[in-house]
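As written, the chains take the letters A, B, C and D, and residue 1 is the first residue of each chain.
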Amino acid sequence: MTLGEVLLVATLAVPLVTLVLALSSGSHRRTTILLVLAAIPALLTALFAESGTTVVLPQALLSLVLSLDLPGRLLLGAAALLWIATGAYAVLSRRGRENDNPFPIWWLATMTGSFGVFIVADLVGFYLFFTLVSLSAYWLVVDDGAPPAKRAGAVYVSFALLSEAFLLLAFVLLAVATRNDSFLIRDAVAAISTSPLRDPAMAFLVLGFGIKIGLVPFHVWMPLTYASASIPVAAVLSGATVKAGVIGLIRFLPFGVPLPGWGETLTALGFVSAFYGVLIGITQTNPRTILAYSSVSQMGLIAAVLGMGLATGNSITPAAAAFYAMFHILAKGGLFLAIGVAQKTRHRTEWTVLLPAAVVVLGFGGFPMTGGAIAKYAIKSPLGDGDVAMLAMVSAAASTLLMLHFLRCLRASRSHETRTTSAAEQSFIWLAIVVAVVALPWALYPAVIQASAHDALSFDALWKATWPVLIGVLLFGVLGRAPRILPMIPPGDIIVLQSWAWSGAKALGDATERIDEYLRRWSIAGSLLLVVTLALIGSFYVGR
Amino acid sequence: MASVFDVTLVCLILAVGAWSTFARLTFSAIVIFIVYGLLLSLAWVRLAAVDVALTEAAIGSGVTGMLLLNAVARLRSTDAAPTPSRSSVNIAAGVFCTLITASLAGLVLVPPQVPVSLAPSVMESLGQSGLGNPVAGVLFVYRSLDTLLEKVVLVLALIAVWSLAPDGLWGGKPALRPFPQRDSVLIFLARTVPPIGIMVGIYMFWVGADEPGGAFQGGAVLAAMWILVMIAGLAAVPPTSSHALRLALIVGPVVFLAIGILGIFLTGTFLAYPEGYAKPLIIAIEATLTVSIGVTLAMHVVGPPEKEWRS
Amino acid sequence: MAIMNAITIFGLCAAALVGLGIFGLIVNPQPLRKILAINILGSGVFLMFGVIARRGAAAGLGGDPVPQAMVITGIVVAFSATALAVALLLRLVLVSGAATLEAEAEPSEKDGR
Amino acid sequence: MAAAETSSIAGLLLVSVLILPVVGILAQLALGGRFLNWICLAVFPASFGVSAATCAVVWSHGEPLIYIVGGWQPPLGIALRADGISAAMMLVTAIIICAVAIFARVEFTQPSGAPEARAPFVFWALILALWSALNALFLGCDLFNLYVALELLTFAAVPLVCLKGGEATVKAALRYLLFALLGSMLYLMGTALLYGAYGTLDITLLAQRVHPERVTWIAAALMTVGLLTKTALFPLHLWLPPAHAGAPAAGSAVLSALVVKGSFFLIVRLWFDAMPGLGHTAGPQLLASLGAAAILFGSVMALRQQRLKLLVAYSTVAQIGYLFLMFPLAMAAEQSWTSLAWTGGWLQLFSHAFAKAAMFLAAGLIADALGHDRINDLGGAGRLRPLTFCTFGLAGLSLIGVPPSGGFVAKWLLLSASVAEGQWIWAAVIVVGGLLAGGYIFKVLGRAFTAGSDAPVIVTPVSLSREVVAFSLAVGAVLLGFFPLEPAEILQIGRPEILGSTVP
């Protein structure tokens, strides 16, 4: 086995072994630090294993095929960084609660799933890790036990299950379309573009992954979940686990062959989300909710990029989208930590939080020299030069607006807090992430896009990157001065329909119960038995 | 052409069956059901199945009748007016039942061109076993596994009945209500009939190998006699923990099973009889089965252990 | 099939008894009557075996002994069923004081609602 | 029929699995309560060993094991035959019954020195009878012999329901018995018609003789519906929820995991083996439609329940439905036995058996520990009994169809089959069923693992060994998920060559 292969296996094996340790260990004081250590092999894999490293595990391990490619590597590395950082943050913030057993277990399980989806190359394996990351996260969401968390958990798990269901259908279609016994995602994707099952498979894929990345109208779980989970949990959910959907789209959409129709659909869905997220986001005042809507918007942008790539057959798309997603992992995860740090920071040192936050925030608009700038530059090629590129610029302006709004609310929320606990260690973690957010994209750009980062520093590029931010700032200024003209929209916006859907479901359930009571009466059941008999006799005469 | 007797019999069976189904009082329904069973025995005789006729009369009508009568006596107090049932459902059920009957009747009216029968192959090999009664041959030679399993069913059903006893009374006496009046006709019958009945029972089992009859019918007669004696209060109901009772229950199945296993060693096949010994072995099985069946049927009728019934 | 022979008459009787038994089982509200109905249904089924046996009269026998033997086994099994059902019914009356099968009275289910 | 098999030592294994439990019951009656524990200690391992050996022989030889009882060939005599599916069923049955026996050991031990107690005596006798009856169903080749086995199964299952003796359970038992008896009679009517038409009740011979004609259709319908009453397929499920919810936990586990599968097995025998011509009719579609209705209806009802045991019972109503999707999917395939649906259907059966047994045992432990099984009042109980709720969760994941679990593989195969056959409707039902299952499982887990307003307290301590037994069964359900996603060869042993070859 080469080092790369060992690392690849260790990426999943180490968290799993740690999981078993955490399950069996009586004292949890020692295992908490393992939360951090368990993510290190993933980082090492991203750094040192070469793209193309493949391991086929034996039958006893479900014949999983692990394989590292460029998009997977980018996401794995960034996710590993985030898991390490938030793991450390969680350990620090949960001091004194180490014996709270379930948390480390679900943390590790979610982390394993999160890493797994980036490096697994077969259908069943992907489904396995996708399920693991989605369902384990439920326990992280409800960990706090408060009623909002319970409600958020219920909504979260409903959508997670729904997405699982769509994906199961999609994967089965892919497997059937592949015909030969290969369960490799690569073979399935190659087969699907010419298969008669293409359209349903694509639809289920887009639905399944769309729910995971919170495409409108499947985004409602995001604001609820991110607002009520604990800080480190919200950080990994928004940063790392949501990327399971991104890698899913990257892996399963047949890039390289132009697939019009589906590409445009995905692009349209993406932009709807991108703008919808901002629109609702600016009406919110809770910084976490704002970040959640920003996620809706950003994931919409990534979906649009992927959609354009699909429509045009642009083969750079997967790498570009992954590159952007990598930025988002660190930036969004980091901002959630910032919320946590801000709440614990003394008034006079608040600039230590707000200033770095401003750097990250401006990145969302693609302000020059930020990590976001180069990330946005990377997705230019798939987006093309036409109207779509224009839309992307507008969305950058909108993002700037939203993120500035976030910054303001962050500060506002901070000033209400009178807590004076020292958060030096947490601040350090947060600052480290900020460095990564800025430095990593610039460092990795040449390797990922196969082009020099200097292009992004040309005057033309700089100008194109700057004006959306300026517009955003302008808009923010206008909105900020204006009295409160924005409507009050509850977090989760269309979740208010839930009560309506709920009463509908309840009525349906009541009806089912009444029917059951009726059917289970003796005389009814007896008569039905005769009906079934006669129907069966009749059915034998049909189709002979 | 069907004889007048057959047509009359069938009409009677149907009429009595319907009467039993629709009778207002449960008690009358059960009495009518016993008559129904006897008529059915006649039908079996007409169908040239005397073995079945005897079984039907002894078990289907006789012992089952006792069981139901005992039950209705206990239920009298709760024989409240039945809840009004939904007539539309009844009509629908009636229509469906008619359709089922019609489809079965359709099959009866169009019998297969060449009637199928295993009778020739039964007779062909019957000689080897030395039995004269083909039904006994089927029961104890060709399909002995069915018969063995059915014995297990009978014993298991008794355990199931006993299982309904309250925890504290497990192993206690079943509460059979003895007939209250002394010196009645019942006592007289209980003193005079059993000796004859027991003879009849033993005779039935004994001829079973060659003539209609056998362990089931003989056992049922023995059961009836024992119940009669117990109802009359002439013999005590044994406690269900009684060792003798338990041994009597299982002796038949145990012997049956033992001879079946013996077959493995002597002939190499489970439930096969060594050549020349088939008849004696089968008679041994039947003898013990008669006892076990008699005891089991009777215990079924008297029910699970209960607190003493005081009237 | 010009002649309605004796076997057919009994066959029709069996078919009618099956229908009658099922009907009684469905519409009679009292459990003991249901038990009775099952016995009538059973007798119809057994009679059908008898009719089939009689049709198979051959080799000097009045009927095919195989189905006849099956009926004997069946009668014993049916008796066991009746005995168990009666015992259950008596137990039900003992613990609840009423003999009804309808689901209305399933208190344990409704308790928590 | 391979007559050579009749006297082989291996053939005696088939006889042994039938009679060993029976010997146990007879010994119980003969020796009484004093020796009860010893009898169980002897019979259970022995029966398990024989079952396992039978499977080993069938699987290693790759061909069915046949035993001609008494040396009389069918149609006159009765044959016992263990093919791939019977062997697999026997093994699953043996594992689950033994696990449940270990679980029930604490509750149903005959106290030494004390007089014979009711519950232990009855419980062990019933479990042994169930085991024998199930094996008889799996091995039986003769439809009348199978009827007797079916009745043995029913008479063992019914008292198990009301072992506790409460009013609700006695009523449930009586309803179960009466409805099952109606089913038995319909089944018996069908056998009469078949004998009358074809002169045999041996399944193999019947397969050669049956014609697509009226008598076959009516007999098949009567027998199928008769068996459906015992399988409790919607809308014939009236007896199941109260019966399975009312029995003691160990009893519920066996009833839900195995007993309803016994009659289902017989339906498969009828449709696939005895009368393969039914595959060319609309019958399979009708069965699957009822199955689909069961999935949707049962799942919604499970979601609505307030009591844990009732939830699990309604989940059984739903899960039974999946089994019937096998009929249109496998029968439509060119080669039923090598189809994905055939393997998927059986895997669904096996994994549901493990998962549901584990789930009922877990539910029993929860009810024991807390003194109630109200779902709403479970808040935080998961932290008190983590292993028990883990068991419930693992088993639940298999029911939902989450990988790696037997339930996932089963659903994957069934879904693949319905897509490949173009029968999309079943795919939709499977997926919606999984969603609803997710709903009712997470409803329980969510309550259990998040603190409620008033934390529940442990009323009765629960022994770790019982928790471990339940957990192992759940692990068994998960381990089935390591089955490869392809048709299993062991389930093809001894299957007829080509579907419907003898039927014009």
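Rule of thumb we're sticking to: a residue touches a chain if its C-beta (ideal position, glycine included) is under 8 Å from a C-beta of that chain, and two chains touch if they have at least 3 such contacts.
Bear in mind that the values here come from a model prediction, so they are computed numbers and not experimental data.
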{"item": "Which two chains share the largest set of C-beta contact pairs", "value": "B-C"}
{"item": "Longest centre-to-centre distance from chain D, chain (CA-based)", "value": "A"}
{"item": "Rounded Å distance, chain A centre to chain D centre (Cα mean)", "value": "41"}
{"item": "Between chain B and chain A, distance of the C-alpha-averaged centres to the nearest whole Å", "value": "71"}
{"item": "Inter-chain centre distance, chain B versus chain D - centres from mean C-alpha coordinates, in Å", "value": "31"}
{"item": "Separation of mean Cα positions, chain C and chain A [Å, integer]", "value": "63"}
{"item": "Junction residues of chain B, two or more chains touched", "value": "85, 89-90, 93, 97, 100, 103-104, 110-111, 116-118, 122, 142-143, 146, 150, 153, 156-157, 160, 164"}
{"item": "Interface hub residues of chain C, defined as touching at least two other chains", "value": "18, 21-22, 25-27, 29, 35, 48, 51, 55-56, 66, 70, 73, 77, 80-81, 84, 88-89, 91, 101-103"}
{"item": "Multi-chain contact residues (two or more partners), chain D", "value": "76, 144, 148, 151, 155, 158-159, 162, 165, 170, 175, 182, 189, 193, 195-196, 199, 218, 238, 241"}
{"item": "Of chain C, residues touching chain A in the complex", "value": "22, 25-27, 29, 101-103"}
{"item": "Chain B residues within the chain D interface of the complex", "value": "103-104, 106-107, 110-112, 116-118, 121-122, 125, 141-146, 149-150, 152-153, 155-157, 159-160, 162-167, 170-171, 241, 243, 246-247, 249-250, 253-254, 257, 260-261, 263-264, 267-272"}
{"item": "Chain A - residues contacting chain D, complex", "value": "59-60, 62-63, 101-102, 124, 127-128, 131, 135, 138-139, 142, 145, 149-150, 153-154, 157-158, 161-162, 164-165, 168-169, 172-173, 175-176, 181, 183, 197, 508-509, 512-513, 515-516, 519-522, 525-526, 528-529, 532-537, 539-544"}
{"item": "Contacting residues of chain A [partner chain C, same complex]", "value": "517, 520-523, 526-527, 530"}
{"item": "Chain B residues touching chain C - in the complex, by the definition given at the top", "value": "1-3, 6-7, 10, 13-14, 17-18, 20-21, 26, 29-30, 33, 36-37, 40, 43-44, 46-49, 51-52, 55-56, 59-60, 63-64, 67-68, 70-72, 74-75, 78-80, 82-83, 85, 89-90, 93-94, 97-98, 100-102, 104-105, 108-111, 115-120, 122-124, 134-135, 137-139, 142-143, 146-147, 150, 153-154, 156-158, 160-161, 164, 214, 216, 293, 297, 300-301, 303-304"}
